[in-house]
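Below is one structure, written out as structure tokens; comments come after it.
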Amino acid sequence: MCQQFFGFESDAVTTENWESLYDNAAAKMAEPDWEQQVLSKSGLEKVFLTNDFDDPLTGFDTSLYVPCLRTDDLVFHFTKRETRDRLEKATGSSVSDPASLRAAIGQLFEHFTKNGAKACAISIPPTFSPAAVSESEVEPILTSVLTGRELSHDEAAVLSQFNFWTLAGFCAEYRLPFDLMIGVNRRVYEAGVFQGQDLYDSRVSLIQYRELFNAFPQVTFPVSVLAQTSNQELVSYAWIFPNVVTNGHWWYSNIPPHIELDCRSRLSAVPQTKQIGYYSDMYKLEFALPKFAMYRRILAKVLANDFVIDRGWSEERAIALGKLNLRGNVETIFQV
Amino acid sequence: MCQQFFGFESDAVTTENWESLYDNAAAKMAEPDWEQQVLSKSGLEKVFLTNDFDDPLTGFDTSLYVPCLRTDDLVFHFTKRETRDRLEKATGSSVSDPASLRAAIGQLFEHFTKNGAKACAISIPPTFSPAAVSESEVEPILTSVLTGRELSHDEAAVLSQFNFWTLAGFCAEYRLPFDLMIGVNRRVYEAGVFQGQDLYDSRVSLIQYRELFNAFPQVTFPVSVLAQTSNQELVSYAWIFPNVVTNGHWWYSNIPPHIELDCRSRLSAVPQTKQIGYYSDMYKLEFALPKFAMYRRILAKVLANDFVIDRGWSEERAIALGKLNLRGNVETIFQV
Amino acid sequence: MCQQFFGFESDAVTTENWESLYDNAAAKMAEPDWEQQVLSKSGLEKVFLTNDFDDPLTGFDTSLYVPCLRTDDLVFHFTKRETRDRLEKATGSSVSDPASLRAAIGQLFEHFTKNGAKACAISIPPTFSPAAVSESEVEPILTSVLTGRELSHDEAAVLSQFNFWTLAGFCAEYRLPFDLMIGVNRRVYEAGVFQGQDLYDSRVSLIQYRELFNAFPQVTFPVSVLAQTSNQELVSYAWIFPNVVTNGHWWYSNIPPHIELDCRSRLSAVPQTKQIGYYSDMYKLEFALPKFAMYRRILAKVLANDFVIDRGWSEERAIALGKLNLRGNVETIFQV
């Protein structure tokens, strides 16, 4: 990234060369057309965002920066007064019972899809299991929340399940894929910097999603797992469930040896149209170039070794699979 | 398979060529000696079956199609009236208490071993833990079942444990290996086709089998695990327990990159006489050829890289290990 | 090992050649300077021990054989009368309450550090979760133990947590790294030989150590995991937590294909100064040579493939990383 964008010529950042790198980067990034330079040099045509549910989605080109409804707060932090206030403010409505809560969530889908949103997304702790919850079951719990009573662990889980299931229902209604990032534990290292506090727990199974995947056959679920140990389960679920797609979002396991292994098993066993190769979690626009370069090198190696050499595929056929994995499936699944 | 059996000449089945493939396959498979053609072309000398416990084992050559007592229904579906009726019908006996249940199961072993059965087999959900259960402990539970009362989850588990432990005891008495396929969750995708509904849960540990492996040192347990994440535990258990053998039955994880990894660690660390290379779960007679061809390619690659190149073994020595893994150990362990 | 130390010339130990090997080994090992021969031929400058907490640490050169306080008994077998007697005898003190227990443990640290100990170490079953326990909470439990009452499972866990947390506190005070070997199940194969009875359970997560790693930022925790499935979690924890170091102690998973995978992901993703390449669990002095030879071959292969070839590193840079991983980090972390 430093070599491509900032004219850096060394192999590593050291105490000797960091200052000139800093200066060059600062100068480059201050150029008025820097965003365009990055997009163009990186070959980026669209960037998929994850937006807070109360994002007005104004002030940017939504056909370039494609909105996505991020729903962690609605599902896992609805007991916080702040979340409920944000929901009421964003929708201009009042949440007083399950029906009005559902209606408010529906308004978010209306707002997001009107503004070109192509997906709903959520990251989920390893202990959560989605389940259908009736309005009558959640009603006393919701009333408790609204009147400021502290929920028990079990009550909070039921409320999370109700909101999650409501989101899945609206994904069906609005024909949006529902991206699931499964296995995140937040704030494990409390003294860590922003985005440097989270870890995961490999003791999670996709069996927790059995009811969900069966209940919403019309919703596509691009699923990414944090623990590499979950990859084989994901490959098998994508093979068995027509609505489960493997999503190449590796996050903390963003390590070439793991990506290579996962890539090998997905290319071998997941139906070709049901794999999204790489979803970079790029954080900064500049990160796309090195992250995709890394993934493309891994993908090229796997296609060459496992397909062209081991299976005798032609290079053209292997490249076509690579393009589907990198690009074609994204266009089909997210309808862009 | 299509190229070898049906004269197919393309690299992939497409919408253009499927019809002629279908016609050729239908014609070939209708030939009166098709079974012999497949056996001969595939190099098959014996096929190991898994038979329902009430299979009469008549009408086929049991020295070619070797019977095996499949016991899932006895252990996990004994609460169903249908299972008990089948048991009573197959054994001509009446099950009224633990002793008569045990006797009926013993009759199955008598029938199967008289007809050349070489193993007892079962597939087991990830939550099950075998344990010794006394007759007095299971008696009230069995009485409940026989009188049609619904069992609690815990009672059903005790009954499963009793039946499972009884099977292990008869394996000792009749000197049959007890094949364990550990980790199956049945009917996860309810709308799936037959044999396309099952998945697994990687949250399983062989520690659940500690009591079993210790209690029956005289019984050989060829163990296969569904989750690749369990492979290393299995390798270690086979290293420590003299009666545990790794079984190459990969099922849903039947993916070359996983098989290659598992194969590498098993060849490295499991005693040479305690590894069954590949147990294909072939479903159809025609599947043996491509499945074993895949495994043999992986095995050859691992022997070449890890043994001949990395360890300086002679090719002869590597091939001898390959033969033991593929064939010799099967003959010894199943006494064929 | 046999070739290097005993003049063995074959590739494998067989029924034909074992006797002359036995004779040669017996003769060599009886030579008066055998220990020096092994040290010199193996290139060993120091050996890190794990010593019982009541080891007098006399009769050997502690700058060559570096002591380490092994604490399994204190944490997991303190309910045994024998452990308490040993503690009282070793410290010449009487344990009657939490304060005197803490003081006795402190005396062990005093004794060990005076004698050159460079670490505290413990192996931990997969179910254990460290937690801070107050003296008032543990007091009635400790009283029960001292008066011979049997503890409940939960009470015993609290006592283990108190002792463990006390050890971590003294590691902070005495500036000792605390080696954690996570995931051991002891005596699984009861009929096994010494050091051939233990296995592990892959259902463990480092999330269980969240409170510990946050509470003692000043203590370095070299962590090794038994299950290969835990390696990716460990890599991520070492990346996030400044006080977590990956320790290359693979034990039962001491299998080249696993070590290679783990080595690849650690070299890729763990900060370079926070990885201890190989900690051999060597048992016998003679084992160091073949064990480190195995690891060095794996390390060399990974450095060559993943760094020199794939990333274009110079050989010098790769070798420097290898030296840090094999040797430099050990010197820094254990202050030798």
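In this document, chain identifiers A, B and C correspond to the written order of the chains, with residue numbering beginning at 1 in each.
Simple rule for what comes next: contacts are C-beta pairs under 8 Å (C-beta built on N, C-alpha and C of every residue); 3 or more make two chains touch, one makes a residue touch a chain.
All figures in this text were calculated on a predicted structure; none of them were measured in a lab.
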Classification of the chain B:chain C interface as same or different, half of numbers criterion: different
Relative orientation of copies chain A and chain B, as a Cα rotation angle in degrees, nearest 5: 120
Chain B and chain C, separation of their C-alpha mean positions in angstrom: 38
Residues of chain B touching at least two other chains: 203, 229, 261
Of chain A, residues touching chain B in the complex: 203-207, 210, 213-214, 217, 229-230, 232-233, 235-237, 239-241, 261, 264-265, 268-269, 306, 310, 312-313, 317
Touching residues on chain A, where the partner in the complex is chain C: 11, 185, 188-192, 196-203, 227-229, 252-253, 255-258, 261, 297
